[in-house]
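What follows is subunit A paired twice: with subunit B in the first complex and subunit C in the second.
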Partner chain A sequence: MSYFRITLMRSGIGMPLKVQGVLKALGLRKRMTTVYYPVTPDVAGQIMRIKELVDVKEVDRPLTKQQIRSSRRPDPGYYIERRGAEALNKYEDV
Partner chain B sequence: MALLAQTLRRSFLETRSILPPAFLLPFRANITTVSHGQSTGTVTEPLIQSGQQVPKDIQQQAAASPDSTKPVIFSRPASQIQKDATPSPLTPSIRHLLPLLHTQPSHYLTIHIHGHPYLITRGDSVRLPFLMPKVKPGDVLRLNRATHIGSRDYTLKAPEAIKGTRDAVKQILYLDERLFVCRAMVVGIESEPMRVLEKTKRRQRHVKHVYSKHKFTVLKISEVEIRSLEEYEALLEEK
Partner chain C sequence: MFGPFRLTNPLSGGLLWKIPWRLSRHQKYRHRERLRRVDSTVATLSAALAKQGQTMKKVERWKVEMPTEQEMLPKDKYTVFDRKVKRYRKGIHKVPKWTRVSQRLNPPGF
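What follows is the complex of A and B.
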């Protein structure tokens, strides 16, 4: 099953109320929000109403908000090699 | 007046004929094939081998030009010493130039913590712009993401970061973490002076004060070590 990936590129401010209603129905609240919907005729019709404002791509699987965020997060670049407390305990034992 | 102008012009032409082109002049004498770190004998060498700023085609033109009286050995531009994401990260340039980098006395690194670069060398203390979670003073951190390894004369650079598009996020390409060892110790936590923000509403005498005081983790770079070619090869074979 494939999905539409819909990203709002231009704001709906100043658009007719019907267009703004479609944006609200799709969950596109502000620019650059991305939502995923299954490929169905109803969603295709909704996209047709807002086609000037959005970027649409067909993808295989939807991503959750957490997945999108974690894919954007850079590598921490460090890991804890030794705890200072452990070293201190060892020192106290001796 | 005319005589003066002529003299000026001649002197200008002379300087131009004596000096190499401007892009070859050593305003940064750091990329050379000769080590002039401690030895005093090699300091008098002409330092016109700044390879970093010179594109390769210009270098070849300059090397092929007949008016170059003395043989000039160009070191390879540092940007060519690259590690790409191929299965075998040991490229010929690394094989050739890593020993030279390794023999130099001290090194610097550009490490990346949470995607932000920090230029460090051994003994530096770094005040991070955030409070690092789940660490305490005395903990030893291993920093394993770096984009540059450098010494006085050589720099090993990672490839440029890949810019993000609609379909792919930005990707920072790091050097192989087996090339170097960098450790930092958490020294303590620093805090800034209390900030007071005055919040006011119109037509009201009341002023609300908002206080904030941020804390920052301080690291001390305890170890910066570059692996030699033999060690690196052994580590590559291990895997």
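What follows is the complex of A and C.
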């Protein structure tokens, strides 16, 4: 089972209502929104209507919203050796 | 003569928007990129459907009828037919929403 990864690159503002309706139906409300849909002829037809506005890739599995967010987050530049709360617990035990 | 308050046509009163009659080479470059992007989207769709053993009339028809960016003539990439213009061609950048619509074919005979 493969999926379409659809990202809205260009806004639908000022486009015909049919195009804007397709965007709404796919859940693409703002630019750079990414949605995943299974590969079926009906989804392909919807993409054909908005092909100038979106970026489409075929992927094996859909990502959840949290996964998309974490993949877009830049590297923080540090890593956590030990949590402060754990260190505190150790002191309280002594 | 220079500076922010120089006397230019738009500043000396009235509404004056001018669209140049031809595209700049950077506009042409970006336009080709957009055409290629649409081509790749359609290719992705047909490849994904073919993998599942399905076809779609809309995609097949686009592939048969529409030339890809490489197949298009420069004339068709950068100008469109217009019956009101002398010699029947105008720059594609005069088409409303021209960066977000596909306009690749000419009427028969032009």
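The rule we apply is simple: the second predicted complex is superposed on the first by the 73 of 94 C-alpha atoms of A that agree within 3 Å, B and C clash if a C-alpha of one lies under 4 Å from a C-alpha of the other, contacts with A are read in each partner's own complex, and residues count from 1 in each chain.
Everything below uses one rule, namely that a residue touches a chain if its C-beta (ideal position, glycine included) is under 8 Å from a C-beta of that chain, and two chains touch if they have at least 3 such contacts.
The structure displayed is predicted, hence computed values, not measured ones.
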Exercise. Quick one: classify A:K57 as touching subunit B (first), subunit C (second), both or neither.
Key: both
Quiz item: Where does A:M32 make contact in the superposed view: on subunit B (first), on subunit C (second), on both, or on neither?
Solution: neither
Quiz item: Between subunit B (first) and subunit C (second), which does A:G45 come into contact with in this model arrangement: first, second, both, or neither?
Solution: second
Quiz item: With the two structures laid over each other on chain A, which partner does A:M15 touch: subunit B (first), subunit C (second), both, or neither?
Solution: second
Exercise. Could you look at A:Y78 and tell me whether it touches subunit B, subunit C, both or neither (first, second, both, neither)?
Key: first
Quiz item: Taking the contacts subunit A makes with subunit B in one complex and with subunit C in the other, which residues are shared?
Solution: 55, 57
Exercise. Under the touch definition given earlier, write down the residues of subunit A that touch subunit B in their complex.
Key: 7, 55, 57, 71-72, 74-85, 87-88
Quiz prompt | Footprint of subunit C on subunit A - complex, ascending | solution = 2, 4, 10, 14-15, 39-41, 44-45, 47-48, 51-58
Quiz item: Tell me, which parts of subunit B touch subunit A in their complex?
Solution: 111-115, 134-145, 166-167, 169-170, 172, 174, 183-186
Quiz item: Which residues of subunit C touch subunit A in their complex?
Solution: 34, 37-38, 41-42, 44-45, 47-49, 51-52, 54, 56, 58-59, 62, 97, 99-102
